[in-house]
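Data first, discussion second: the structure below is written as structure tokens.
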């Protein structure tokens, strides 16, 4: 195959370049828009596969554009980047299909798909960022691109949610800017290097290094919805279902979590972070977030809000795994990044289908929906069970590795935490499944006027992703499974210390 | 000799100017003030110009000074006329008693 | 010497006093008159400092034309007359406290500046030696003219540009403004104008010509000619009409255009912009000065007249 | 310098002047003449750029006299960057003006034909003055150039002819005049002390009371002209009430003249001490905060944009102050970047705001919504410009803020970093008000199949705003240009 | 004791005039008065420049500041004219709308 050094840039440009075209397309040309959307998404998946193939065969991608002396825009394709790019490319394709169905005849589709595309471009940029400076650039772009999506409905509630979202994320972005500056000032580079770049600084000025760690994690924690910086996430639920799906599964929340991974492993280096004594507090924050999110989820009647709190809880598994600072826990964390994405996107798309097809938006309205929409609810149930951590589904795999990692790190209480969390997961998901499958629909709900047949565009994607959930759980040990890929990454990060 | 005459004319001219100015400041209404100003200053100007012309180095210079006198006299006459005209049209009291 | 020093002190005190009086006058008309008198005294002061060119310019432009412009505006504000009882009042109550604080601050700043001034070295050699050295190549013999039209000709070009900008803005602002009824000035004035205007034109030409070797020059001459035009406007000898507009525009820009063209035209063949060939320096300077004088005169008159002439009948204008 | 004939420095100043003359003489052809003159000027600047790249700093002794007797023009990287940027903005705003002054309708003020006819001479005179300031190397010449700019700017500010515009224009006139006169008196003090007028004469002058007075006067005068808090009182109304292309020129270019002169004085100086610099920083902080708060309270879009200018000017002063005396040789670069960034972004933003007002008929922020007729592209331009003004990556504004904060941090001046952050937060808050308005449609009753505001007129704001964002990627070359001829001495 | 030369006298007077103008600009509310105050500032600055040009009698004064002040005067009359045009226009617009 021909060698293309610009491949990462091309992958970035597929969605970045599509965005203005999509924005500019007249509202009426729906077919053209759909075609373009799907084509670009498919091309992107193909390109990512190609990239992964080349990278796996030892081709190193490294693109730099100097902005200020010594400060580059830097794109690269290390295994960690590839993992996140692949996740976003695949899930984008699925979500695009879903969005086409979801927004059929809805207003402002041009704007929606334009910013949707921009949002994915930002995610890809975040994934392939080779230094914190580039990461920051795409991190801010992500904020800007998701804002119009959050307020897409244009209602007062949406605007309020958008404002809160923007305040949280932009303040977080500013903190990240400050952190990047400080890193630049202290270490003289912002590059992501396995093992970190802060060793000298930490030796000379440990307090400054600690402060920088806190600043960066807090900045990223806003998007990763670490308690107490999670306030925007449940409110942002007013967004359309595909947006919520994307926000939770790949884009915003994961960008934060991914950033935490980069900072801990490749800015500070895990050993240095441990040495600075900052991983302990991070574990504590992650643990609190896991429990807090689950507890809050219990009390929510609105399905999407319940899912949102579930996200708050689940994403912190990643932080937890990172902070536990052992290779096994790291595998759990990285695997969960993918697994949680696939599971959560399934659930959000299914929830969107319930709202679209049956007008069901609350848990209390879910009686008997399993019979009304068996396919959708089957997908939802599968994802929920996986989320709870039942073997052999995806959630079990990551939780297993996290627990192992906890033991390996000498933190046995992590098992208790995971168990407790899983119980809470069960407590807030099982009632849903119970209502959906084992209760009869109330008569008024059965005759509700909102009931309409949903198209295949809507029905298929959650089932496909539910299939993923099953496959990546069952075939976890097969070559090229996410788990194997994370093993490969972790080997690299820990210098083969597995 | 000429020098003394020149100085004397200059002093006399200055005296006229002072008188005119006192009139301007002390007289009660526009017309009286105008009277003092145009009459006394016209004379003062003539004397000062004469003094300057006596002191002039050559005839050309003296001629120019003379021209200045002619035109300033013309202009001040016209100006005085215009002020009086305007004052009469605007119609302020002709004579007001100052406290 | 001490008598003269006393005179200087008296004159300086009068200048400052008149400046204060100008600001304290309650009636706007009196204020403007005081300002004009201030300008006259200032010119006298400059004459005392051996700056006759500046004194001429101040009398003609600073006091004379500015005063005329101010009075014309006051007449407009008061609905045609200059006396206070006609039309709107121009005085407004001011905030005593703010005024006090501002005055205090300005006073303090002035005192500081005064101290700095006294601390400055006296008689630091300026550029006069440079000027003397370069005079033979300047094309003229009067140093001020040499500075204005040769050494710092670029500044002077930009100064003419400022005038051009002013007339453009004034035309732009004053659109379709109701014409102030010009005061009927009577036959005596008409007679005066008939005699005075031609002589003034000659005087202007003389000032322009003499500028090369003695105090005088384009600006003073332009001001005199501008005053001629103002008198003409007042006496209705000159009546701007829409048909004059292209001519007027052409006259306004002529000085600037010729000046800039000459500046560019002389460059090349080893010479910089504004570097007149020595053999033609005087001719070129006179050409520039003549054009600038005409432009200044026309511009000053237009600034006084204000409105761009428009067809009054319909009230509609065509540009 | 004699091999090129005539030299491009003079041409950069005189070509717009000839354009202004021609546009004034032939009002009907004014737009064509104006655009032609701008393009010609840009060509001259390109030639100049070529020379500067080859030779570094270029001096042209006008009249062949040379300083101190004559006036010298000077072009280095800083001047070149400003010239290029100004030509770019003039071109963009000029194209925008074609559309803004189209039509014959009289909207409350001057008829369009008249505005069209007078915009161009004034715009070109402004360009003459701006280019003159950039190339000037002489204090008194700077004063005269400032006056050229002032008069042209006032003419532009009152072009609309409304009472509000005239009132604001008069206040602007007074402030601008006072600033220039302070500059003039400052020049007098310099002459008193040094007997010279060229900037080079300042370099060797010993520290003295007269020079301190001169610097004080010039600083205050220029601060008044650049609307440094608390001398900003004239700016918001003047910029908000002018017609859009005029606002764009006023906000993007005119205030920069004063800043540029400040930079040049700092370069030539014995610059006033640490205390003055700190004071500038403190006042800049005041501007950032006060301008931000007022922008939050503004009811009209253009007023919001105008207040943001006050805040951004404050930020540039902070940039100058941020590294203290010894760091000045470095901090000017951040200030220059911010000046460039603000100019491009603000030009685009004002044009966009004008388009928005034209299309939807008002610019009240509280009533903005996605109406049936909406200027989508203009709103996009506004958003892009806002990105640069807020300082989000990769915009040029971001690069400017980055350099500012980097330098402040290196110098250990964390308080300036905090000020920059606060200003950024405020700008996020006030621009969000407008952007949210563009996106809401809960109040719209019109059919949703909207007419998208496509018009050629949207192109200039979009391009300018796009450049404001995209130029951030070219920060390296821009910095390289700024360093040509090494203003402020050697590169550290 | 500072030697009281002509330059000092007029220079200080110029500063005083500038200061008075400054007070006027800052303190006055009327448009015309503020404009005149600005003109006073210009006159004051001009006096300082001319004072800087003065040399004790055998020497002739420095012509450069003279040229500068002439430029300043012309610039100032241009600015005054523009400001006055604005004042006139504003006045007619305001009286139109007030009535």
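For clarity, chains are labelled A, B, C, D and E in written order, and residue numbers in each chain start from 1.
Basically, a contact is a pair of C-beta atoms (placed from the backbone, for glycine too) under 8 Å apart; a residue touches a chain by one contact, two chains touch by 3 or more.
By chain, with names taken from UniProt: A = Multicomponent Na+:H+ antiporter subunit D; B = Multisubunit sodium/proton antiporter MrpG subunit; C = Multisubunit sodium/proton antiporter MrpB subunit; D = Multisubunit sodium/proton antiporter MrpD subunit; E = Multisubunit sodium/proton antiporter MrpC subunit.
All values reported here derive from a predicted model rather than from experimental measurement.
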Item to check | Touching subunit D and also subunit E, the following chains | outcome: C
Checklist entry - Counting one step per pair of touching chains, how few steps separate subunit A from subunit C? => result 2
Checklist entry - Going by CA means, which chain is nearest the middle of everything shown? => result D
Item to check | Chain pair with the higher count of C-beta pairs in contact (A-D, C-D) | outcome: C-D
Checklist entry - subunit C to subunit D: how many Å between their CA centres? => result 31
Next on the checklist: Roughly how far is subunit A from subunit E, centre to centre by C-alpha average, rounded to an integer in Å?
Outcome noted: 69
Checklist entry - Using CA atom averages as chain centres, what separation in Å is found between subunit A and subunit D? => result 43
Next on the checklist: As a quick test, compute the distance in whole Å between the mean CA positions of subunit C and subunit E.
Outcome noted: 12
Item to check | Two or more partner chains touched - positions in subunit C | outcome: 113, 117, 126-127, 131, 151-152, 155, 159, 162, 165-166, 169, 173
Checklist entry - Among the residues of subunit A, which are close enough to touch at least two other chains? => result none
Item to check | Per-residue multi-chain contacts in subunit E, two or more chains | outcome: 18, 22, 31, 35, 44, 48, 52, 62, 64-65, 68, 71, 75, 78-79, 82, 86-87, 89
Checklist entry - Which chain pairs here would you call touching? => result A-D, B-C, C-D, C-E, D-E
Item to check | subunit A residues within the subunit D interface of the complex | outcome: 23, 26-28, 65-69, 73, 107-108, 133, 136-137, 140-141, 144, 148, 151, 154-156, 159, 162-163, 166-167, 170-171, 173-174, 177-178, 181-182, 184-185
Checklist entry - If you look only at subunit D, which of its residues touch subunit C in the complex? => result 1-2, 5-7, 10-11, 14, 17-18, 20-21, 24-25, 27-28, 60-65, 68-71, 110, 113-114, 117-118, 121-122, 125, 128, 132, 140-141, 144-145, 147-148, 151-152, 154-155, 158-159, 161, 166, 185, 189, 191-197, 208-210, 212-213, 216-217
Item to check | Residues on subunit C engaged by subunit D in the complex (per definition of touch) | outcome: 112-113, 115-117, 119-121, 124-127, 130-131, 134, 150-155, 158-159, 161-162, 164-166, 168-169, 171-173, 175, 246, 249-250, 252-253, 256-257, 260, 263-264, 267-276, 317, 319
Item to check | subunit C-facing residues of subunit B, complex | outcome: 71, 74-75, 77-78, 81-82, 85-86, 90, 92
Checklist entry - Of all residues in subunit E, which touch subunit C in the complex? => result 2-13, 15-24, 26-33, 35-37, 39-40, 43-44, 46-48, 50-56, 59-71, 73-82, 84-89, 91-92, 95
